Amino acid sequence: MARNHWLRRFGILLILVWSLTPVYWAVNTSLQTDVQVASKPAHYLPPTPTLRNYRAVVSGGGDIPNAIRRSTVNIFIECGVATIITVALATLAAYAFARLRFRGSKILFFAVLATMAFPAYTTLIPLYKIMSTFGLVNTYTGIILVYVSGFLPLATWILHSYMSSLPLAIEEAGRVDGASRMQVLWHVVLPLAVPGIISTAIITFLFAWAQFLFPLVLSSDLSTQPLTVAIAALQGRHLVPFTLLSAAGVYAIAVPALIVVTLNRYIVSGLLSGSVK
Amino acid sequence: MTSIRRHPTTAVLAVGLACTGMIATACSGGGSSSGSSKTSGVTITVALATTPPPKASLDAFTASTGIKVTWTNTDWDSLQTKIAAAATAKTYFADATDVDWSRVGELGKLNWFYPMEKYIDTKSLTADMPQITSFTDAGHVVGIPYDASFLVTTVNKALFAKAGITTMPTTIADYTTDLQQIKAKSVVQYPLNIPFAAAEGLSTYWYQTTAAFGGTILDGAGKPQFATADSAGYKAAQWMVDALKNGLVPPGNINVADSQGQQTLMAKGTVASTFGDYSGNVGSLYDLPDSSSVVNQIVYLPTPGVSGTAPNMSNPDGIGIPKQAKYPAAAAKFIEWFTQAQNQADFAGVSGPDKVMTGYFLPSRLSGVSLLTQKGTLIAGAQLADMLKNSAKPVFPEGAPSWYPEFSRAVYTNLHAAATGSMSVADAIKAMSDTANKLSSGS
Amino acid sequence: MLPYALVSPLALFIVALALVPAGYTIVASFYKVQALDPPTRFSGLDNFRRLFRDTAVRESIGNTLIYVVIGVTLSTVLGIAMAVTLQHRFRGRSVLIAVLILPWALPGVVEGIVWTGIWDSNTGLLNSALNSLHIINHYQVFLGQHRLLTIFAIELVQVWQITPLSALLVLAALQNIPGDLYESGNLDGASAWAAFRRITLPLARPGIAIAMVQAVIATLNVFDQPYILNGAAPTGASLTMQTYFISFQNLDFGEGYALSLIITIATLVVSLGVVKLVYRPVEF
């Protein structure tokens, strides 16, 4: 493949510059003082790197750090629980769709996938009314239920594709040994499907982490507001310098960035498992 | 594989929210109140776009009333979205929340809030709290103003002095000449701050400029008063656009909103003046060394009008009780406490830094203001108190119309378009007055 | 009974929390639902008629079309370029894939902060960099001045976010191309460009089609980027922004819903059109 080496170099450079420049710039800004960022031309490296913006965001007893810390706890709870429920339900359903024949299977599978084609707001909006009817506004439960309903279709699809690609022979061997379907699912299919399940969980978690709108309306205060909502609130406030805002932004992307860096092969295989056919 | 990114937006969610809430229930907003009249042993939620009073003050309130307060500080835009979302879906979200002066007509008509006179003797309040009239719609008080913000011109006297200007301008003509002089002498390249981003702050700025040119925006029937070329509103728009064209305003301001303009332009000494600035910004922003490099340089200026001092447009913040409140009576107790003269003076710093509520600076009660001026703790307090008493006027003397948000959007999008040059001032004014005419005739 | 037991939790969620609300809100667009003009009543196509008379809506239709054209084109071209870069194994390839998907994984809320730092007319990176390279001699205003430039700058932010997925989708298609196809191409003395045009591009069509569809859906529904970077300015207001203004500021929910229904239908129609035009089944 030497013939297009320079082309590949160009491509590599493109990906690096394209993906990293904006993120680098936010980090660079967050390590400077207010006065330093105002300089022309800008400092391409922080002249005297300082963590004071990060300290202002997370430490101490002020209004801002309190909100950031509490909403960090919230976002982990909401994303974590929603991910677990989504993956569990999607695994069961995906197995049924992939391996069992039953009446209405095609229609139901299509209906599930069709909800993905709608822009989210046409399906998820009235949820607010439903949630308020059941008294679930401003509760973890309400936010988690909405996340689960939003991410189930994609999760089911990814897992369905993954399970369909598993070799049938092993399962059949299990059936011949007299194991029930549930036993086969539990002892044979699940262990084989672990990589697919991990992919699905990571992708679901990342989607949940990025949510802003639903939690904005479904949560009323800091008892349930996730980090994204707390950061948007910072942006709308007077007297929050851009350097501090950048630090808050970098703080909020640290977790997804870490996941991408360490677990990217699962993300890639998960996102692609449905598209190949 | 279809879209994976599910990142719906405030907007879109709101749309649907509203629909669902309304289809079945129409939207009288009224409904029977399910709130409890309990006033002790309860916890109420207060949602405002501001930081809470100090914990000690809130604790004292709890000790004396048995009412605990959970404070939610949300940015203004999100808060308005939530108020509307909760009201249309008839869902509880707070016991007391923001009632903006500009939305009084709308909120009054929607019947989303309890009339305050049900809980508080608002009649006797009026003398001490003049702005309460701006919060009254069809005889009902929708909210109680808790501060007394108004728009005021701020100038950087150090930069003015550098250009050789020592007497502050008193007319808009002098003011314009002074700005030109500052530019001509290269003290700063762009001396004037106008937030031209298509957002609410641009409308507000234009209202203040219109007042300076001696006019009003709408009459009592909601008809535009700025349609002709000799009207104050027209001249104000022309003045603002010319200021940008003639290089008095930084070109980048086409995308600068009010808060940014104050933080990054005024507070850094990049510009020398903001015509429609927020009262209190000197104390709460420009004099703070952490966020400003122009400490002790910014002063308030009586609005330079056509021939002498012109009014300051008031934009007070109010607090009211939504119909879905769980404990309306307790919320009323809180509002009463929150708007007491002594407490307001404390929040503004009369009893030392321990009792200060960050960002709060001017009581809505005249008695609160006088407590403050007696002590002399408020920066430029006497001047602000004088403005509040003598020149602060509501933007809409007859109250904001119920269609204000749509009108305001027409104002700021068209003024923005005129500023970018994609539209002439005449066309922008025509579009704005057409909108007012259409809305006021109740299409 | 087992299959039903396995799918019933999923079915319950989808029916109760997706299909029912969707049907419910579609009905709403045929009603007059105005907070300031109660009660709610049937109004037929009235909401739709008023929408098309609204100049702001018509302007936004134009803007949105430009967003879609720029966004779909750029994300597809960049996506293909990045996918081709990653087509064959090389050292550091997996690291590069992690870098590639990073923008996709970041919350949209943070995007606004990140890109403000680039476009800003006073302190932005772009101004500073162009100035340092002596391409411009004084700082420029990138947003809000000229409609096309504004829309381009705003859309670039969205392209940043959606391109990783486009690249991955194309890459998936590329990985299915048997290597020996290129070998035989090589024997014919075909240049890299010719191989790309004759082998890579045609065989990647299924992936490209799906990548374009996801770009269509994202760009037709663009909201955050213009709203955060350009306010309500007519130079960049999108259709979804109008749904916000109409329903949440004018409190005309019926009309707002009608508009979002139109956007949904447009999304489906354009997506299907793209599939018809671009998608070709590929057999190896």
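Going in written order, the chains are labelled A, B and C, and every chain counts its residues from 1.
Methods note: a contact is a pair of C-beta atoms (placed from the backbone, for glycine too) under 8 Å apart; a residue touches a chain by one contact, two chains touch by 3 or more.
Because the structure is a prediction, the values reported are computed rather than measured.
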Original post:
So how do the chains connect up here, line, ring, star, complete, or something else (other)?
Top reply: complete
Original post:
What chain is the most remote from chain A, judged by the mean position of CA atoms in each chain?
Top reply: B
Original post:
Taking each chain's centre as the mean of its CA atoms, how far is chain A from chain B in angstrom?
Top reply: 37
Subject >> Between chain A and chain C, centroid-to-centroid distance (C-alpha), Å >> reply: 18
Original post:
Touching two or more other chains, which residues of chain B qualify?
Top reply: 1-4, 7, 9-10, 12, 14-16, 19-20, 81, 264
Original post:
So which stretches of chain A touch two or more other chains?
Top reply: 38, 117, 119, 121-122, 124-126, 210-212, 232, 235, 242, 271, 275
Original post:
Could you say which residues in chain C touch two or more other chains, in rising order?
Top reply: 21, 24-25, 108, 122, 139, 165, 169, 210, 217, 221, 260, 271
**OP:** Would you mind writing out the residues of chain A in touch with chain B in their complex?
**Re:** 34-35, 38, 63, 67, 113, 116-117, 119-122, 124-126, 128-129, 132, 137-138, 150-151, 154, 157, 207, 210-214, 216-217, 220-222, 229, 232-239, 241-242, 271, 274-275
Original post:
Which bits of chain B are touching chain A when the two form their complex?
Top reply: 1-4, 6-10, 12-17, 19-21, 45, 47, 49, 51-52, 70, 72-78, 81-82, 85, 89-94, 259, 262-264, 268, 284-285, 291, 293, 358-359
**OP:** Please give the residue numbers of chain C that touch chain A in the complex, ascending.
**Re:** 2-4, 6-7, 9-11, 13-14, 16-22, 24-26, 78, 81-82, 84-86, 88, 90, 94, 96-103, 105-110, 112-118, 122-125, 128-129, 131-132, 139, 160, 163-165, 168-169, 171-173, 176, 192, 207, 210, 217, 221, 260-261, 263-264, 267-268, 271
Original post:
Can you list the chain A residues touching chain C in their complex?
Top reply: 1, 3-4, 7-8, 11-12, 14-16, 18-23, 25-26, 29, 37-38, 40-42, 44, 89-90, 92-93, 95-97, 100-102, 105, 108, 111-112, 115, 117-119, 121-127, 130, 145-146, 148-149, 152-153, 156, 181-182, 206, 209-212, 228, 231-232, 235, 242, 245-246, 248-249, 252-253, 256-257, 259-261, 264-265, 267-268, 271-272, 275-276
Original post:
In their complex, what parts of chain C are in touch with chain B?
Top reply: 21, 24-25, 27-29, 31, 33-36, 38-40, 56, 104, 108, 120-122, 139, 141, 143-145, 147, 161-162, 165, 169, 210, 213-214, 217-218, 221, 223-224, 227, 229-235, 237, 240-241, 243-251, 253-254, 256-257, 259-260, 271
